[in-house]
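Both complexes shown next keep chain A, but they swap its partner, so chain B is in the first and chain C is in the second.
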Partner chain A sequence: MKIRLDNKLAYLLMSPVLVYLLAIMLLPFGWALYLSFTDKTVGVPAHFIGFGNYIDLLKDSMFWKAVKNTIIFTAVAVVLKSVFGMVMALVLNEKIIFRNLFRVLLFLPWTIPTIVSVFTWQWIYSDVGGVLNYLLLKINAIGRPIGWLAKPDLAMMSVIVVNVWRGIPFMGIAILAGLQSVSKEMYEAAMLDGAGAVKRFFYMTLPSVKEVTILAAVMTTIWTLNDFEIIWLLTRGGPDNGTQVLSTLSYTIGFLNMSLGKAIAIAIMTMPPLIMLINYVTKRSLASAD
Partner chain B sequence: MILMENRSVTKQVVVYVTLAFMLLCALFPLYWMINTSFKSQGEIYNLTPNFWPKDFTWAGYDKLFEKGFLKNVKNSLVVSLVVSVFSIAVSMLAAYAISKLKFSGRGVISKGILYAYLMPRSVLFIPLYMLVSALGAGNSIWGLMLIYPTITIPYATWMLISYFKSIPVEIEEAAMIDGCSRSRTLRSIVLPLAAPGLAATFIFSFTLCWSEYLYALVVVTKSADKTITLGLADMIVGDVFAWGPLMGGSIIASIPVVIMYLFTSKYMVSGMTVGGVK
Partner chain C sequence: MKKTWWNKVAAVTLLSALLAGCGNNGGDNAGNSGGNSGASNAAGSSGAAAPAGEKGKLTFWMKKQLFEDQNNLIVERAKQFGKENNVDVNVEVIAYEDFYPKWTAAIESKSVPDVSFFGYQEVGQFYGQGVLEDVSDLVGELESKNGEIRPNVKKAVTFGGKQYGVPFWTESQVLYYRKDMLQAAGYTAPPATWDEFREMSKKLTDPGKGLYGAGVGYGKGNSDAEFLTRGIIWSFGGSVDTQDGKTVIADSPETVQAASFIRDLFLTDKSTPPSAIGWDDSGNNKAYLSGQAAMIFNTGSVLATIKKDNPDLYEKTGIAPYPAGPKGTFIPGISNNLGIFKDSKNKDLAKKFIAYILAPDWYKTWVEAGAPLTGPIYTALTKEAVWQEEKNKAFVDSVDGFNFLGYPGEYNPKAGEVFNMRVVNDTFQKLLLESSYTPEAAIKDLQAKVQEIYNK
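Entry: the complex of A and B
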């Protein structure tokens, strides 16, 4: 069949989506990009100041602290989510009773609204009546109640736990889908050849789900890098800026200090690594879609 | 053979122990939320927490509704429904064009849609806040209705592209050779075949709006227009946490999305991973 182009019809059908995305996403983004080069504050007209905001930020130790915290938060959370997600997938890939039920139950943390998981964990962490301190005291793991969100390092660990708890199911189910496409015959052959479980995992399982795992991990990285709700609601970036990441810093500067221009500049500076990650996902997804 | 059987028993034990541990970690917080929501304020702060409420009470829920939580639920319901219906309607058309028609610029547009889907809210919230204020739609659910499609449209379009692609082009060609117009083919053949996909996409769009917090936080400050996530966050006044009502509200906020996910769990993976996982 000769390829005929349906330009008119195609653009007619796409016009509502294209017009909306151009007007409500791209245009405001362009405007915001411009404002990041101004001293825009809430309710005051903007003056062009060139790279002023960017230079201010690069000189600001708070900005660098947020960069460092963002990297720690993201790296630790993504690694933990990938490892536990892999464990979850391997377990669910076994012949177990009520497999579908367990799959649904293990998926629940991902489905509930983030804000709900945050409040639930905040209550578990609470130093007044919190169940975590109670349980740990009871088994003598700790000597006295701990303020899980009260010290910078501990608070960082606590917010990571909540992010990981929420994020494991996504990794787990994605890897599981990959595992289920691995052929059973290959395993049986390897078992007859006497390959042990550890060997089978590293030489067969892991290579065959490598691609899926990396794709899911990159998407998780994009989401974790920009996590706002968990940290904002649990610690507001504190204590002592110990959990201040770029997204919470941007919100603080924009809406509490009213410096919109500077707040946008922070968001813009997170773009280069973000674009690299998004490019990777786009390339992989478009390749498999065609 | 005996050696292998032994090995497989050990393996079974490891598998089930790991499973039990993971279930405990995943479900304990949810159980604790339910447990707390039915306790009285006094029992909640017991030094030795009860693992099931001694005096089962709905007091937490009563207090929740006194604070106007029902209004928050209604606002979220309206915004999520309106945005999802609108998003599916327009995304459907765009997805059909991208998946079934040949036109110039197709590659750029599909890439653009994926970009829009992956673009994080923490980058866009200030531009969108300024847009909404400039249009005078700030401080109301109208503002949210205007900007939530930036989340749902790229997502829905991308999901539907892969559903439409899975419908064999031969079926459509046969219909068109039989004299069906393109619009009739779309209405009576493609859409019915894509119905499960449309339903799943609708549900995910709904849950994305229902659970959204950051945009609502910056756009809406008027209490009559607050959504369910803002209503929950408002339960915390200073350092005072009313855990009973807060956990009750959390359960109410979770129930609709959990039920919806149960119906569509098999579409979940391909949807969330933008079709990269097959």
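Entry: the complex of A and C
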């Protein structure tokens, strides 16, 4: 009897969370899943079309281009953010002059609103008064201004640079936090034993921050896969769809063409890798906590 | 009933989640507007002003104008309407880019604003989805009271003989040219034909000095480019749409000829700035303001800006209509409108509000505050002194030569979709980026893509 009462109390206490999950997550998700099997367009009733949207997408070369671009964008950005984040953390972990000032400055990109940083980068890349072309022209590295957002490959590189610039601080903070827990005595002992900087990094630093780096990299992968604003504001997926990723394609189809069913089908198709990544993060975090 | 309620909640939550996922702030606004509109619905559906003592509510979504004066004037006007009619008018001034997510959420949740701004493409798109109210009676009433509304502008929002939007203001793309640069190159007049435009652009281009004759861009979302390309294609006798609303007639020698002209301008003559293929709508403005481009095609926004901020450049600037092609001059029309959703519960009040906004005495002040970007809809107002000024005249005169999306056929929702999906820009970006991609192949692909949209 007591057990039953306890159960009731437990359910009662859990109910706000359950209601929250039902109303905010499960219901919209279920509804979205249903819509992805319909020909839903804005203002028009939905008709069930089974896997029609999914089959259309799988046959659409634009979808596959967006998949390829999404993979390139995410993979390159995450690798670069991890590498530079590690460098940043290692530098900021040293007793350098003005360390606190550098820490604040290097974390700035993360704190600036995306819209502000994207417009700043738009100006940096501009061939009219843009600082990047100006500097390269000044040192005679180029003969005439380059249209950084005017060619598919260059545009992809340019949007990756902005994403990396914004994302390095997160990786840096995470790895720096990991570095703080590595004992100084261990380094001193290794140095006395004659271990050089490279050996110390590969045999001591890296294993010590491996867990936190992997977790931060996976988190960053999830965010990068979902990144929309940087690409949308800089290139809108162009030129020649060279920076068209799944999020921009979904937005274009959903909100400009108003084909909600198809747009949601794209979003649903991006979910399996995201779920796997989130599952990985959750398992790994809980295992670490244990 | 219960199902409808669940559907609404789910639809709003889902759209909000999608918006949040896309990192767009439109979601918050949509939520607000939904609430406001809901309140206005509750205020009563009689349509007329609320009974004494009970204040009605009216929501108005207005496009954010370039000039703050115009934004302030419209808010004041709406407040005045509220005072005179015992109504709380909630005006949301919204950037154009944020409209689509807001409209989408509003239509799906049936929490629509009572009056909303619409470009004519959207009027067509929403008419096709059956969500817009027929406002022919209001247009007729306005014309009988205030005089003729320019027929070409009305045409863009007329479907099956009925109007689904009330014209609010016109915008015309014209040719901007640097008089001093043309003079230095030995020209005394702006180009009258596209061939002259190409020849002059080539002569004016000097990459060593960072100067280019043609400030024409092709960014993915660039609406100026979508309009300009159509203007060029039409003037060569081609089309990107249909004659009958069904069969696409893009794949023609004339369209290929126009595509070759554009390709030559970019790739053979190299008369355009190096980054032009990635330009958004502000690209040509920046190029002209910085002195990088000698000629651009734009609406009145550039002229209004330089008149205020750069009088020297203003003096050096000449304005002319689009150059002519073998078939004449074709100007892609831009019309901006006010409309009412079918789901609005305050339709009569909304019509009264639109009539109040378009009362000529006040409207004249508002439209002239944005001159020459915002042109008047009433034929009589085009005779006012401000529109007879040398630099402003082309903006109102161009309206007579307006052609709309869908040309040579009538404007239709599919033509709007072709425009919104930037199918033309995509094709031309590819043409200008891939040297092995011929104009013939590009136009064949364009035909197939557009036909696919018309077939849906």
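By our rule, the second predicted complex is superposed on the first by the 266 of 290 C-alpha atoms of A that agree within 3 Å, B and C clash if a C-alpha of one lies under 4 Å from a C-alpha of the other, contacts with A are read in each partner's own complex, and residues count from 1 in each chain.
Going forward, a residue touches a chain if its C-beta (ideal position, glycine included) is under 8 Å from a C-beta of that chain, and two chains touch if they have at least 3 such contacts.
Since the model is a prediction, treat every value here as computed from it, not as a measurement.
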Query = Put the two structures on top of each other at chain A: do chain B and chain C fit, or clash?
reply = clash
Inquiry  = On the A-aligned overlay, A:17 touches which partner chain: chain B = first, chain C = second, or both, or neither?
reply    = first
Task = Check the residue A:272 against both partner chains and state whether it touches chain B (first), chain C (second), both, or neither.
result = neither
Inquiry  = One more residue to check, A:28. First (chain B), second (chain C), both or neither?
reply    = both
Task = Please determine whether it is chain B or chain C that touches the greater number of chain A residues.
result = B
Key: Touching partner for A:147 - first (chain B), second (chain C), both, neither   = second
Inquiry  = Looking at A:177, would you say it contacts chain B, chain C, both, or neither? Reply first, second, both or neither.
reply    = first
Query = Which partner does A:96 reach: the first (chain B), the second (chain C), both, or neither?
reply = first
Request  = State whether A:112 touches chain B only (first), chain C only (second), both chains, or neither.
outcome  = first
Request  = Mind working out whether A:223 is in touch with chain B, chain C, both or neither, as first, second, both or neither?
outcome  = first
Remark   = The only stretch of chain B that collides with chain C once the two complexes are overlaid, out of 130-138, 166-174 or 184-192, is 130-138
Contact residues of chain A, present in both the chain B and the chain C interface = 24, 28, 31-32, 35, 114, 126, 128-129, 226, 228-229, 247, 250-251, 254-255, 260, 263-264, 267
Task = Over in the complex, which chain A residues touch chain B? Could you list them?
result = 3-7, 9-11, 13-14, 16-18, 20-21, 24-25, 28-29, 31-32, 35, 84, 87-88, 91, 94, 96, 102-109, 111-117, 119-124, 126, 128-129, 131, 134, 165, 168-170, 173-174, 176-178, 181, 191, 197, 212, 215-216, 219, 222-223, 225-226, 228-229, 233, 246-247, 250-251, 254-255, 260, 263-264, 267-268, 270-271, 274, 278, 281-282, 284-286, 288-289
Request  = Mind listing the chain A positions that touch chain C in their complex?
outcome  = 23-24, 27-28, 31-32, 35, 41-44, 114, 125-129, 144-152, 155, 226, 228-229, 232, 235-241, 247, 250-252, 254-258, 260, 263-264, 267
Key: chain B residues touching chain A - in the complex, by the definition given at the top   = 4, 11, 15-16, 18-19, 22-23, 25-27, 29-30, 32-33, 36, 44-49, 90-91, 93-94, 96-98, 101-104, 106-107, 109-116, 118-128, 130-131, 146-147, 149-150, 153-154, 157, 161-162, 165, 182, 207, 210-211, 213-214, 218, 229, 232-233, 241, 243, 246-247, 250, 253-254, 257-258, 261-262, 265, 268-270, 272-278
Query = Where on chain C is chain A touching in the complex?
reply = 6, 9-11, 13-14, 17-18, 21-24, 100-101, 103-104, 107-108, 125-126, 129-131, 207, 210, 218-221, 273-280, 286-287, 290, 292, 417, 420-421, 425-426, 429-430, 433-434
